[in-house]
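So, here's a batch of structures to check.
In what comes next, subunit A is part of two complexes: it sits with subunit B in the first one and with subunit C in the second one.
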Partner chain A sequence: MHSTNTTFKKWAIYCGVLPAILIYLIMNVGPSIASFVFSFTDMSGLRGASWKFIGLDNYKEYFFIQNYRDYIDVIKRTLVYAGVTTVVQNVIALFVAVILNSKFIKGRNLFRAIIFMPVVLGVVVTSLSWGLVFNTEGPIAKILAIFGTSSNFFGDQKYAFMLIIFVQIWMYMGWSMVIFLAGLQSIPADLYEAGEIDGTTWWQAFKNITLPLLWPSVTVNVLMSIIGALSSFQIILLTTGGNFNTSTLGMNIYAQAFGIGKQATVLGLRQGYASAMSMVLFVIILVFVLIFQYIMKKREIEI
Partner chain B sequence: MKKKSIGKIVIYLIIAVLVVIYLFPLFYVFNTSLKTDSEFIKNTTSIAKSFRFKNYIDAWNAANFGNYVFNSLFYMIVCTSLSIILAVFLAFPIARNYFKYGNLIYALFLAGMFLPDGTIPQFKMLLTLGLYDTRTGYMLGFIGGGGVTLFMFVSYIKGIPKELDEAASIDGCGYFTFIFKILIPLMKPAISSMAILQALNVWNDILRAIIYLSKDAILPMTRGLYVFTGSFNNTVTLQMAALIIVAAPIVILYIFLQNYIIDGTLSGGVKG
Partner chain C sequence: MKKRNFKLLSMLVFTTLLATSLVGCGSKSSTTVSTKTEDKPVTLQLLAWSNPATTTALKVLNDNFTKKYPNIKVEVTSVDSATYPNLVQTRIAAGNADIIAQQSFQPNPDFTKGLDKPPFQKYIENGDFLDLTNEAFVKNYDPNAVKDSSTFNDKVYALPMSRTSYNGVFYNKTIFEANGLKVPQTWDEFMTICTTLEAKKIPALTAGGKDSWPIGAVAANAVVSTVISDPSAYVKGLWDGSKKLNDAESQVIFDRLAQLASHYEKGVMGVDYASVPGRFAAEKAAMLTDGAWQAPQIAKANPDLKFGYFPMPSTEKGSDLAQLKGKYDTLFAGSGKSKNKDAILKWLAFTSEKDNYTPFINTLAMEPTMTGVTSSDAFLKELAPVSKDFQLQFELVWRAPKAIGKFGGFQPTQLKVLGGTVATAKELADLSQKDWDAAYRAIK
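Let's look at the complex of A and B:
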């Protein structure tokens, strides 16, 4: 129960709390709920344009009327994007963190800082830099030429998506690595020393000491990468604009709602329809988070 | 013994490869930014010979970069300080159980992190209120929310003894004076790490800047750079000079503050 407060004036406390709650309700909770309501309307992006409720039409259109293969492709691509980045990014990050945690490494902080740098530089600098490196006459093109092949990189139907996944991993790997490193450093060293006396191999130590004790960091990292990759599309927007088979659900939603990216329809901004799509994405994220929490809980008990 | 040193070499080799993968893009951009346009077209991978620093001046003059820098700083400072202050004022009574339904509101704020994306209605609302394409409208979205920040602050304040409040109020210290003069200085570690997280978030934003802003005069640096590099009037070398203009201050700041920045994002990440 809340204690009666005798220290400070009640009105002052309420005055202090009010702005935060109001802004939160108006800017976050309200729009989130409205997003659900919007998905049943034919709202456009224009100011003052009339709109009406159209029931489930947006959902029907998304799942049945529009080209069936299109939306299956986009959802598949969204899942591949999230799955591949999450797994690869965390495996590499864990590997690098373990290496950097070796006792003999000098300049650990410097390497950590270099790998973390893209997070600080931000998505615009990252995307534009890689855009230049993957210029059709740039350094990578020259390397490919040695092997007798070529590619249009971010303009390539086949490889653009893979490159975007690469850039995404490049950008956020440092984040996961830093979290793993912090987790590793909290593992007491005498555990390994005890293992050494017992003659455990490197792999045994990793499997039986490191991984179980690192489990909280794994949980945080995997959850953050899944949610991040499912909902973020900034790199796609800044490199291909959603062209060349790279658009994910998140990208499609914003293209429909705000006309951004290179795939934006000339039909105008369909924000009701986009809201319905964002509900689909929300359900996908929710399902992932729930499955993930279920698996992690089970695993935690086993350990 | 020999086996161990081979292992060391392999590990250093892996690190070296990583360092190259992480530093190459920036070096390549920097190198390109120092070339003349014809030099770049002739050979994209040659080392810059002409050291054309004039590219920077040209890029700076071609677009309103001084203005963009100012806007970014302005947005970053205002949004960060406001959201931190609001969160402190909310976190303190929650941590102390000083107001009714505090725990309920706390739970609501934390659950908010899992609500669906409300950008479309938010946009609609700001448009209707006439706040589209204004500084206020752009910043409002960064100020609310902050589930992670609130969580961090509540748990941090719980570690500060309650006797302090009583002592302060007996001495006749008002509530707002108490928060600003006593509580906030005590919360420095928590505040600085959350402030860094929030500041980075605002500084690097591009999505909201694309959706909510269009007037050139109020664009932040990210969007300015995006517009500048998207224009065919600007040569590649000029675009890269602009990119360096944007990236250089961050890199320099990062070199000095790397430990704070990494630890700040870390505490936000792990606790969130």
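Let's look at the complex of A and C:
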């Protein structure tokens, strides 16, 4: 009787996780493999349309039918976007998490909820709201006017990209902060007490106790930020539509797959080509993830 | 023991039920196989890009349609023009589109090479647009309009509702009168007006710079059309190398682009298109480069504003180039794969009746395309002298080699004066030709 119970338990466990595994396979793994397969076709994305395998033509087009000056700009911007948002977002999030974790803050949960709210607002609300704030008729314009300057904000070829990075950081800082907070709260308090007794300064405690024990959270946050930033395009689409030197690789993939503009500045309906571009993006992300995983794993310490 | 087994068993049943119900959740469309047609309630999904006048016109039309056919409702979905292609693609793929607004069908000319098929062609070839060639109501429309805008391979796939011009400039009549200015008949007169206004601290021009296309496409193409009388021949010349973007003829275009760009109000690149009617109506600038479709919005923003529209003038007075040029703007295509084909055809037929079409086109305030219908719009009546022979605007014929760089074509927003990096018109012309050459080499 004991043995049938454990077999049944095992089966029950497998069946219990089966729906989740199925959903993961169908919604994540399946489409990714499909994307890889379609990158070798001329699929348009129309339902019922015939498509055929065209080998490496999509990749050849991506690498050889390009204006290289603009192409390098797009790749540069993609990397800058990922780098800057990852670093700045996580530094600010860590700073805020450390402050919120300290004994001196009352109502920590309230602050945490407020700081996390941008994440919950969603991309559309955030982009449209910041579009109204950074507007020639908006509040920031009035403040700038007091200083005697003005700006075209999202219409400015020099500054639109920076504004988009700002919105991205604003939106996702709460997410990183929450993960850091959780990590901080798992560090035993007696370590800090021991440090106090030994006379360590705040900075020494941070460097030698907090950071090493927090390293798994840092790894998770950095990796998630990099992956998210390298593939993100929604804020760019909703604020500038890729104009004014703000398009990144993710944005161009969207444009090729779905088109932009009613007179079609980018025609779209090229899912096969967009799939090939997204394979290139995948390789870029993979390279970054592998590098960072290697760097970060080396420094992890377990308690 | 028993309790535990029961718990495990019920957990198993629950997760299975959950999984199957989630699978069922996926598909929204019910597969009713009923053959009863007349009384089944139907909701037609109509997709259009957002234009306030179109929304109003459609509401009246659809309300009257439902009065005639009480079992058919029409639900309109509008998004901004940048997102519109995405809406069309996803809705057609989901089988959730019945009537789809389109722009005029312009296939790629034969002299081009290596270009992707335009979306409308892909939809037609995939059977996503209904073939309307043999429908009676198509004959209500001006046959030239149908031929030039809604036909592909000699078959009709849409109904052209309206025509609009967009190589012109709105001007504030009150400001002009107060400063003794008249509608310019030549380009030089146009520039003189700009400098005169600026000397009196009145901003000369405004536009929706932030959306990129109001200046980059509408205004730029308006300038091109003051120089190029035969767009097809010009673009063909670029493709076969007999014309260049930095030859003498083209340099005139770039020089005029630079001049026009220098007269826009400060901060024009930050103005978003939706706020343009309000700004012009509030007299933030004396003139506005935009399409004539904007007229009803301006009138609504300030009913007391006295304004007019003139085509961008050319080198000589009374030149043929200074006529209004435009495109067939709003076309309605039917979904070729919808289950509601009967209802779609009913709607198209209803819209094509003179009594329903006339109020529609008057609310839209664009030129009618139906035989025997003339617009009652005062603004359009005023434009009659300069819209004698309708010509297609340059933009519809323009094709550049695939993946051309950002300077390729006519890109005034790359000029320093509009926030870009290029100092002079000559440099911009050279960069433009350079990008063209690079893209052309890649496809050879």
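Note that in this section the second predicted complex is superposed on the first by the 253 of 303 C-alpha atoms of A that agree within 3 Å, B and C clash if a C-alpha of one lies under 4 Å from a C-alpha of the other, contacts with A are read in each partner's own complex, and residues count from 1 in each chain.
Basically, contacts are C-beta pairs under 8 Å (C-beta built on N, C-alpha and C of every residue); 3 or more make two chains touch, one makes a residue touch a chain.
Given the structure is predicted, the values throughout are model-derived calculations rather than measurements.
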Next on the checklist: Per the contact definition in the header, classify A:K158: touching subunit B only (first), subunit C only (second), both, or neither.
Outcome noted: second
Next on the checklist: Under the stated touch criterion, which partner chain does A:N243 make contact with: subunit B (first), subunit C (second), both, or neither?
Outcome noted: second
Checklist entry - Is A:E137 touching the first partner subunit B, the second partner subunit C, both, or neither of them? => result both
Next on the checklist: Output check: A:V222 vs subunit B and subunit C. Expected answer is one of first, second, both, neither. What do you get?
Outcome noted: neither
Checklist entry - Between subunit B (first) and subunit C (second), which does A:I260 come into contact with in this model arrangement: first, second, both, or neither? => result both
Checklist entry - Is A:D70 contacted by the first partner subunit B, the second partner subunit C, both or neither? => result second
Checklist entry - Now for A:R47: first (subunit B), second (subunit C), both, or neither, which partner does it touch? => result both
Item to check | Comparing the two partners subunit B and subunit C, which touches a greater set of residues in subunit A | outcome: B
Next on the checklist: Applying the document's definition of touch, where does A:A82 land relative to subunit B and subunit C: first, second, both, or neither?
Outcome noted: neither
Next on the checklist: A:G16 in the overlay: touching subunit B, subunit C, both, or neither? Say first, second, both or neither.
Outcome noted: both
Checklist entry - Looking at subunit A, which of its residues have contacts with both subunit B and subunit C? => result 1, 5, 8-9, 12, 16, 19, 23, 45, 47, 135, 137, 258, 260
Next on the checklist: Which stretch or stretches of subunit A touch subunit B in the complex?
Outcome noted: 1-3, 5, 7-10, 12-14, 16-17, 19-21, 23-24, 26-38, 43, 45, 47, 96, 99-100, 102, 104-105, 109, 111-126, 128-130, 132-133, 135, 137-139, 142, 170, 175, 178-179, 182, 217, 220, 224, 231, 234, 237-238, 254, 257-258, 260, 271, 274-275, 278-279, 281-282, 286, 289
Item to check | Touch list for subunit B against partner subunit A, complex | outcome: 8, 11, 14-15, 18-19, 21-26, 28-29, 32, 44-45, 86-87, 89-90, 92-93, 96-100, 102-103, 105, 108-109, 112, 114-125, 127-128, 140-141, 143-145, 165-166, 168-169, 174-176, 178-179, 200, 203-204, 206-207, 210-211, 222, 225-226, 229, 236, 239-240, 243, 246-247, 250-251, 254-255, 258-259, 261-262, 265-266, 269-270, 272
Checklist entry - Where on subunit C is subunit A touching in the complex? => result 1, 5, 8, 11-12, 15-16, 18-19, 22, 49, 81-86, 89-90, 92-93, 95, 103, 114, 116, 118-119, 122-123, 125-128, 209-213, 217, 266-267, 269-272, 275, 337, 395, 402-406, 408, 413, 419-421, 435, 438-439, 442-443
Item to check | Interface residues, subunit A side, partner subunit C - complex | outcome: 1, 5, 8-9, 12, 15-16, 18-19, 22-23, 44-49, 61, 64-70, 131, 135-137, 141, 150-158, 241, 243-244, 258-265, 267-270
